[in-house]
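The structures considered in this document are given below.
Next come two complexes, and both contain subunit A; in the first it sits with subunit B, in the second with subunit C.
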Partner chain A sequence: MGALRRFKVWRGDKAGGQLEDFKVEVNEGEVVLDILHRLQATQTPDLAVRWNCKAGKCGSCSMEVNGMPRLGCMTRMSTFAEDETVTVTPLRTFPVIRDLVTDVSFNYEKARDMPAFAPPSGVAPGEYRMQQVDVERSQEFRKCIECFLCQTTCHVVRDHDENKKAFAGPRYFIRAAELDMHPLDAKTDRKDFAHEQQGLGYCNITKCCTEVCPEHIKITDNAIIPMKERVVDNRYDPLVWLGRKIFRRDQLPAQAPAPHPVVAPRQPPPPRVGTHHIPLGVIWHKPQPDGLEAEVGPDGKMPLTEVTFDRAGAASPFGDNVTFPLPPDSLNYQHPKSDD
Partner chain B sequence: MTTTSARPAVTPPAGTRAEIPAKTLRTDRWWLEPALTVLGLTVWLAYGLVHIAMQRWYFAEGPGYSYLTPFYSPCVNNGCVPESAHFGRFVPDWPLIPYALLSLPFLLLFRLTCYYYRRAYYRSFWLSPPACAVPDGHKAYTGETRFPLIFQNLHRYVFYAAVVISLINTYDLILSFHGTEGFGFGLGNVVLGVNVVLLWAYTVSCHSCRHIMGGRLKHFSAHPIRYRAWTFISMLNTQHKELAWITLGTLALTDFYVMAVAADWISDLRFIN
Partner chain C sequence: MTENIERHRYDVVVIGAGGAGLRAAIEARLAGKRTAIISKSLFGKAHTVMAEGGAAAAMGNVNPNDNWMVHFRDTMRGGKFLNNYRMAELHAKEAPDRIWELETYGALFDRTKDGKISQRNFGGHEYPRLAHVGDRTGLELIRTLQQKIVSLQQEDRAESGSYEARLRVFAECTITELLVDGGKIAGAFGYHRESGKLVLFETPAVILATGGVGKSYKVTSNSWEYTGDGHALALRAGASLINMEFLQFHPTGMVWPPSVRGILVTESVRGDGGVLKNTEGKRFMFDYVPDVFRTQYAETEDEADRWYTDPDNNKRPPELLPRDEVARAINAEVKAGRGTESGGVFLDIASRRPAEFILKRLPSMYHQFKELADVDITTQPMEIGPTCHYVMGGVEVDADSAATTRVSGLFAAGEVSGGMHGSNRLGGNSLSDLLVFGKRAGEYAAGYVDGLGASRPKVSKANVDAAAETVLGPLERTGGENPYELWHELQTVMQDLVGIIRRKHELEESLKRLADLRERIANVGATGGRLYNPGWHLALDLRNMLIVSECTARAALQREESRGGHTREDFPAMNPTWRKINLVCALEGDDVKLAAQPVPSMPPRLLALFDRSEMAKYLTVEELAELDSVVAGNNVVAERAVN
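Now for the complex of A and B:
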């Protein structure tokens, strides 16, 4: 039997609500989400709270504990004093549905606006080769669990709801950085997209996103600031512009950049000249199926979430009909034998 | 992947936020950090402005040393002591023109546009926001998208200037070993040397430098040397905040040491000559 501790939990919906007081048992080793579950079991069976894995990996139980955005399952009760009242409220930045559950579709809309990975032309799926040093920056951002704590804590939208249209938020800046740093991504206008469509300039790097990230992703230092610097390269740096004008004309932006198709046209891989050793049995020009574009709704966009869609996640940039992993016998790859 | 469910058209309702009257429910001392930042930066600026306006006690020379404070380097004003002016004197002597007219504006801009200092003063002086999940003190917000804050994007250029100024500080350090009667070595050299090393560390750990040296690349594997440089700078960059504060301290300390020696409040501790 643990001690009785004081809790304040916001109860209500979009019509209104208030903080309600509770006295609830707390045992050693418990987290805030455990206490909310005990409240559901003993005092408020209709308390709405979103949760899933209880291990800090699904990003569902985002809430505000004593005013700070946190994961309920990763906030230990031992971090509070025994006589402290713990206040639990829903994420402030998003519209409330009921009690601690908010409507986070703002994030899904911003995710849908983000152009997906653009497959490089001339390299078929299964032929991609990348070195670890080239992908490790992007890999840090893949740790994101989409709890949207960074989105809710960012004052650009938290304190100024009117900026939601222009500002995508830290979670999508790391996505932009992940793809812009990706060694095989074929899209070249990601910096412009971050600047013009995502509102990167609204960020004033006060680093709250980094402070609240439960995955400890260095959002500001490793994604937002590098993206800001990449935008400076493109837009504000006459030295870079002059250098490109003189030495690297190929890097100058085209007069009218063509929008990248959702599915890149597949071309046969270039002939390999002077390959050191081609293992027997590999057919380099194996035909690859052309991907089909995903179905879109009447608004010309994909459905927003997996609740209203037949799959979790966005459409595949490789085509709607290509499933992964590809069957191994159709890959243009043969693992080198140890005696080679 | 294979099942196809009905796809209802989704029109998210224009939602309202949870009605929570309290502006913030934080119970910790979130105001402490912005308060300390205001205090630290104000005290430092006040000290720097006072000594820059004094236009004296900036150069200490003895038989084995010649110390020039970083606040007066390079001394290019006609009012400078001739021995302290390593790059000539060509700026009119007027009380409102600082002696180091060529470096101070760039140093100020370098720190003003620095990604760490931006975080520090946006949070403390501008309250935008004062702390995480604490509402910012402004009705409208456009971030760094418009004049004048769009000029924060010029950090890179001031970084180039800061590198030149760090070179000048290094040159001053080398000259400081030489006095009226030749070579010497004293505590002042150590103070100046520590300051120069830390200034280099702060300058090199800059986010713009990290980007220029390698961060802008897409393929690290094709540029191994730049990758090594980027890795080294990334390591320093994690300490950029600490270096920003430490160098404020060493700058003031170095300046005060030179001032104290120049004003004969203390005598320089000599190791050699």
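Now for the complex of A and C:
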């Protein structure tokens, strides 16, 4: 018999709901999902929560634990203090169905809009030849378990339903990158698609998605930045433009190859000779100002572009001076209403 | 019934969105049929996602000596010759094509130096044979098929304007009953998990691809989905199950901490050099090589270790024996008091391979132990023990068409079907099984629908009303029993009385307890409403678990021998007479009835692939005599041909 611990679990449906308090037994080695299962078995048989594998492999049990998007089955209770109340809420970016279960169909729709792998013509099944080094880059992205934690974290859509139409989200940027880097994919316009149809330009490389990815996929460094880099050759992207503005030639590391002259933003791109590459060694982030609350505008929401903000990259949606796990009494969870 | 039931009409309805279901749906859609895919969980989360080690296919990329005949032989040996030989043959022959096909859908397997699909060693496979992607092969498989489905939907949209014109996925939807019209499938009935609304699919063809039954056990690697739904649906529709006594207990499940007990540790750990040790530090598997395998396994540690680098000239380490043997060995060590406190033994790769190697080859195992048990497998041994993993038994089907033998229009593929793996499945043979028979099921279901023409079976209103009543029962009942408690009791019965090692009196006891549970489950209740209510969902799954458990217990009691995934303490040896028998379960009224049926016997062309001395260990004296006369006959024929 383990110790009794305090839990707060959001319960409700699309009409509304609230955090409910529970006292529940916790044993050695258990994870948050175990505790939710114990609640089901002993106190609330109808508590809705998704799960399948209980081993971090299927990406079903995504939830927010003390405000942090996490897999319930991979969040060990030993990471919390004994006297800490653990607060569990549904993914905030998606409409709630019931309790911890949200409607994630947004993701499946975005997946369906993504042109599929195009097999190379004239290569028979069984004749595919690829080197391990060449498949490895795409394999990193194929580790994705579709937990949608990155999707729920990304500030572009987290509190901005209005952006959902134009923005596919980090999960589908890595899918685009995966196909772009696939040694045999016959389509050559993956980057254009990412920019024109997936809204890659909205991403300002805050790296929040990378931070929450349970598979430790380097979403920003390995997928988004390379996709943006090439896109910049022939297209205007405010972030890359800003990057160029900020890191003038004299600020670049000495050993970096001599960069091309800085180009001003342009639209449409003027014809150019040769290829442009962002010099190696560019640091994408401005030095972070010390701990700050997330800056919000009069509408109570965070500014969307860094042009009007003091940092390259938006603030962490949680506020820069917040460390996790949050003290539960400072949480004021409110689920977005469906018409929000 | 006052509720307006949502209705859909399809040519083919596939129940299950794992490897088998998706492959079947692709084939049915390619044949031009309007196809629905139904799944209890979200699209892309089915159990297949958890498969780690790989998919077996004799492509011969790593060792060119490999071919379908060797694979066939390994499969039959693994299943202790109880397999449906025709299924094993089709599987061995077609698996390579099914794997290569995945590459055209976009799969990215690990590669050999010359750019082909790499293949790894696995228990019971003579050559490196498992196509793999690190240790997340199942994820690759399901994602690839999922993306192929999407690509077909994109084609349909280009043609007709709608993604769902010919292929639609119904995620988080549970089928509770198949509707039959005079021995022919007419439809499938169920409910949406999210909304609790009832739904009816009118269709002349149903493909069952619902996976296994593991959730009836306490210690299992299986997820909540594995409640034996497909098995139970088939039974209630009038089809039969075979080989239900054979359950595979995977030798290496995690045993600590308690909350992760049962979670799988992939066999690749052993394939890549991991060894089993007891608490005395002894590598004990050398003591457990059974006679039938004696000639193929190393006798000394030196020889076993040389095999990893020079497999052609050395015999393989005994850690790579088929799973049933390893599971029993671990069980025996623990019983003899040489196990750990939590009832496991050690699996050690840390002392045998460099850390980088382990990280590269077994990334998700490293991750799993680090995150769940705080164990660093590059420096510490893992603590492991047997866990309920796979059911060899399943819906009885025709080998070529995957059609059930007693209900027209009902097909089954994947783990839910029976026969292919005999008494024990080899690792990696499931993923390839899903693809081979998934495709066949899709193809033959489409053909069946074509054959029906315009005269499709009709769903009767009375059947629909009855099905709806059963579904809503637990919610309407007041004072019904708590489903979680009933489930726990069922698991206790199965784990304790119908587990790895079985005894007559315990099996008899289990049947009594199951009969008792049956009455209580009929009276199960659920609180709360219809919106995403797990208590209610479980209440409905219970009756499926119960009936399937009963099949297992009855068949286990009847089979008086030990073979593969069925071990009787009171009959510890294999018995050649029992090798000729499949036990078949069917429903008579509400009762499970068991019948014995002969195992289809291998034709001479396949028998010739085995040594007579090997067959002598499995066959009865009469069978051997027959075999000899056939061989003699063949020689005469051959001589005549030469003359």
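For this structure, a couple of remarks:
To be clear about the criterion, the second predicted complex is superposed on the first by the 234 of 340 C-alpha atoms of A that agree within 3 Å, B and C clash if a C-alpha of one lies under 4 Å from a C-alpha of the other, contacts with A are read in each partner's own complex, and residues count from 1 in each chain.
Here is the rule we use: a contact is a pair of C-beta atoms (placed from the backbone, for glycine too) under 8 Å apart; a residue touches a chain by one contact, two chains touch by 3 or more.
Please read these numbers as outputs of a predicted model, since none were measured by experiment.
Of the two partner chains placed by superposition, subunit B and subunit C are both touched by A:Gln131. Legend: residue contacts after superposition of the two complexes on their common chain; A:Gly17 is shown touching subunit B, with no touch to subunit C.
Applying the stated contact rule after C-alpha superposition, one finds that A:Asn66 touches subunit B and leaves subunit C untouched.
Touch criterion not met for A:Asp192: it reaches neither subunit B nor subunit C. Contact with subunit C, but none with subunit B, is seen for A:Glu28 once the two complexes are overlaid on the shared chain. Touching of subunit A by both subunit B and subunit C, each in its own complex, is seen for residues 97, 103, 131, 182.
Contact residues on subunit B toward subunit A in their complex (touch as defined above): 1, 3-5, 7-10, 12-20, 24-28, 115, 118-119, 122-123, 128-129, 132-136, 140-145, 149-150, 153-156, 207-208, 210-211, 215-216, 218-221, 227, 237-238.
Residue ranges on subunit A touching subunit C, taken from their complex, read 13, 27-31, 34, 40-42, 45-60, 74, 76, 97-99, 101, 103-104, 108, 111-112, 114-117, 119, 125-126, 128-132, 135, 138-139, 142-146, 179, 182, 185.
Of all residues in subunit A, those touching subunit B in their complex are 10, 12, 14, 16-19, 64, 66-69, 84, 87, 89-90, 92-97, 102-103, 105, 109, 131, 133-134, 153, 155-156, 158-161, 163, 180-183, 199, 201-208, 211-212, 221, 225-226, 228-233, 235-237, 295, 297-299, 303-305, 308-311, 323. Residues 41-47, 49-50, 59, 96-97, 100-101, 103-106, 108-111, 114-116, 118, 133-134, 136, 139-140, 143, 147-148, 150-151, 153-154, 163, 194, 223-225, 256-260, 263-264, 364, 367-368, 371-373, 482-485, 488, 526-529, 531-536 of subunit C are the ones touching subunit A in the complex.
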